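Here's a structure for you.
As written, the chains take the letters A, B, C and D, and residue 1 is the first residue of each chain.
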Amino acid sequence: MMMWINILLIPVIAFIAIVVGLLYAGIDRVLAARMQERVGPPLTQPFLDVYKLLIKQNIIPGKSVKWLFNSMPVVCLASTLIILFYLPFGGFDPLLGDNGDLILVLYLLIVPALAMVIAGLSSGSPYASVGAQRKMIMMMSYEFPLAITVVSIAWLLTTSEIPDPFSLQAVTGNPVWGLVGPLGLLGLILQLLVLLFVTPGELGRIPFDVSEASQEIAGGVLVEYSGRNLALFYLANAVKAVVFVSVIIALFFPYGLGVTGWAGILADSLLFFIKLFLLLFVGSTFIRVAMSRFRITQVVYVYWIPSVLVSLTGLLLMLVDTLL
Amino acid sequence: MNEMDLIDGLELEFGVNAEKQRDRRVWLTVEGGALMDVLRYLFDKGLEHLSAISVTDYPGDGVYELTYHLWSYADNFLVTVKTKTSRDKPAIESATPIWGESAQIHERELHELFGVTFKGNMDLTPLFLEEWDGPPPFRKDFDWRKYVNEKYYNKENEREKPYSI
Amino acid sequence: MIKTILELIRNLFKKPMTVRFPHEQIEMPEGFRGEHAYEIDKCISCGLCCKICPNRAIEMIDAPQKDRDKYPKTYPRIDLGKCCFCGFCEDICPTDALKLTKNVYLSTFDSESVIKEPIEK
Amino acid sequence: MSEKNPTAYELLFGPAHPGSGNFSVRLKVEGEEVTSARADPGYLHRGFEKLMEYRNRMQNSILSDRVCVFEALNWNLIHAQAVDELTGEDIPEKARYIRVLMAELSRIQSHLIWYGATSMGLGFDTGFKVAFGYRDYILDIFELVTGGRVYPAGYICPGGVRRDLPDSAKDKIRGVLGKTREMLRKCESFEKTTLQYRTKGVGILDRGDALRLGATGPIARASGVSSDVRSDDPYEIYPELDFEIPVRDEGDAYARCIVGRQEIRESIKIVEQVLERMPEGKLDPIKPKLANKIPEGEVYVRNEIARGEAGIYMKSIGEESPYRCKIRGPSLLHMIPVLEHLLKGAQIADVPAIYWSLNICPADMDR
């Protein structure tokens, strides 16, 4: 019975996620505009953009591998949405929570990026292939600090003798802040910072938008996309912001208000969205406005050396904290 | 070194009569054959900066007049060297051995717009015009009004009529 | 780093530089060079505006048939599509019959409407 | 070199590219490295030199606006100077002050565009938008003084200026200078996270190359060539003004940005001095005239515009229109020899940084 309700809820959640993603895209643009001393577009602008893209002609370049070129936007959006069902979203528990864990989420997070790589390589444009190469390099760079952070959380849960530490119920059921002492707290803050720094990379925003870098390679992986296909990528990107920040929330801020019933779900959802927007503001909008694009070599450097070092320091602090 | 020293030096070395137009402006005219030597001499005297090369067309006399505008960073004055070449088969030594790329690009432009051949300049591919089939467009006898009228204007268009007169 | 953050946060709460154009607009100063205002009764048909116009946007034409009696001479017809709004016609006009106004809302979908006839047909 | 290198391909940087102007560069690329670059200009060729042979001096001063959109007033000034030198007319003292005032304001706005465009090339949107926003305050001044925001329509014309300075202009200009200082403060606060790590050590042009390739203006000054037409070959009232010439020795893109910014400061200083010393009294506006012959003669005038050295060679044979008018823009040399030289061996990611740090304007190259 529960299973069937869950399956029915899937399109609802997907719809909500898309709306929230686009809404945040609108808020992001207004906030960025205000920080740049502009008025900015209306909040509905992303919806209008998607609508416009959907009614535009879908041009497929002659040199492309057509079936790959057409299927990758769908794969990208679908895989992004699937991750959502493994995560607690709003006031709801994870819909497919019983069937997957953090490791699966980590793997699934790679799929949209891979879809973009394949999309770029299949479109048969030199700009797109440069973009695809850059995207691959970037994936390899940001996965490492991300993995360290997630694993260290799971390790923390293991040492606290919580069963099944990689499952999402365990993670969301036991807020990590309660499991550590002062040193561990510092370690956790470092981990959170690293995760926030990975956010723009994962989302492909400035300063990590090297794969799309419109001033360098004219839009990179997406250069040949138009119309419906571009709209799907646009949606996937908007949803991915929600998804990735939901992971951060699940790992670090799984708190609810503790009210039961429908009112509780509603209140929790509201709280969730506030957390979501705040984290996105710090992790994406603010960094985007304050920085300029990295070179690809700099991307690799910042993720492999400083981020990994900070991440490992955090882990070490947590280790010391447990030993004490 | 100031302008007067240079004028004396040119007189002594090449027998050319340079003239001071106003402060920091020296003008001189040389024969085509002596041009390279004079330019080399001027470069050695510190006129390191080739500000511009220009061509003026005199269809009446059948000549092109080339002007080289040289600036000295050290002594702050401008020397303009004028020389003439035939209009029918305009050809002159290139200044690229002296000023390098900066002369090269000016010569490339003039080759395209006036049809002057600069001997010794390796790269004289057209810069601005694409698929140009007419004569060099900046010559005085090139009737661009007629060319444009025939090639581009729409005879039917009422609004383009004033341009055809 | 701190400076950047402070600057951006300050910007966030400042009044933006841009204005929401159709709803509000910045004031246009006196002497702006916009659309022409032409007073046919002041015009002496000297044709100076036609001669000085760098873009040949002004053409001296006869008045329409019905007004021929009242206006027997030639009058400037201005093609705003060719006009560069330099204001030479205003400067050279001996009787101030041609003047530039502050009207800049000249974009149109109709290519005919960019031609300003001296007398409305 | 293998015959067919799978990682080698050709990229077009421009003309329809978000990171370029109306100008294209063909890049031969291997992986991320540019092996050779070939500039391909001509998208904005309008043949001004030829057109000027058919128009009289006032009409030409309107044409001179359009040589470079972003520096219309500077080009007005240099054209006016060329004609003035031929006619030998005396320019009223106040007109000379207004000319310098407008030319310096134009220089400031051009440098703001430079900063904005460089930021845009580096993916720093904020700098782009802030710079263009503050530039609009200067355009407001242009609108007030000349009657047009971007095109002054030959405001600085042979014989003086087309209109007197409005009474309210002085205070407004002082206000705008304050705004520009605020902008500079902002630029500096953004420096560390943006310009510095992308432009330091990128596109190094050493002194010898700068001379050989014909770099002028801020590009040459960033490579250690201390030369400024305003002080070396002074025109208008520059000899009476007190200003410095910023020079740096590094020659990289960062040095060029810094020189550009310091030049804004110097220009602000100049504008303040000009406002202070501006003679009182009414100025007769210059009206266009028909049958206004330019006396016989030939001149070459040089001017320092924001992008470098500009020159006009004008030859007149005593007709209304000049017999020949050669326009020498700074961008022709910056865009072709200098750019091709700097792009060789650069990373793709640095192409926009190098491209925009040269402060190039396709319009004045193609003319």
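Note that a residue touches a chain if its C-beta (ideal position, glycine included) is under 8 Å from a C-beta of that chain, and two chains touch if they have at least 3 such contacts.
Owing to the predicted nature of the structure, the values given are computational and were not obtained by experimental measurement.
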Of all other chains, the one whose Cα centre sits farthest from subunit D: A
Distance-to-centre winner among chains (Cα means, whole assembly as reference): D
Contact-richer chain pair [B-C vs A-D]: A-D
Euclidean distance of C-alpha centroids - subunit B vs subunit C, Å: 40
Rounded Å distance between subunit A and subunit D, as computed from the means of their C-alpha atoms: 44
Whole-Å separation of chain centres (CA-atom averages), subunit C against subunit D: 28
Whole-Å gap separating subunit B and subunit D, where each centre is the average of the chain's CA atoms: 23
Two or more partner chains touched - positions in subunit D: 126, 133, 190, 193
Residues of subunit B engaged with two or more neighbouring chains: none
Junction residues of subunit C, two or more chains touched: 4, 8, 17-18
Of subunit B, residues touching subunit C in the complex: 159, 162-163
In the complex with subunit D, residue positions of subunit B that touch it: 21, 24-25, 48-52, 54, 56-57, 67, 69, 71, 73, 76, 78, 80, 99-102, 104-106, 109, 113, 126-130, 137-138, 144
Subunit C partner contacts - residues on subunit A that touch it in the complex: 31, 33-40, 286, 289-290
Residue ranges of subunit C touching subunit D (in the complex, touch as defined): 1, 3-4, 6-8, 17-18, 26, 28-33, 48, 51-52, 54, 84-88, 91-92, 100
Of all residues in subunit C, those that touch subunit A in their complex: 4-5, 8, 11-12, 14, 16-20
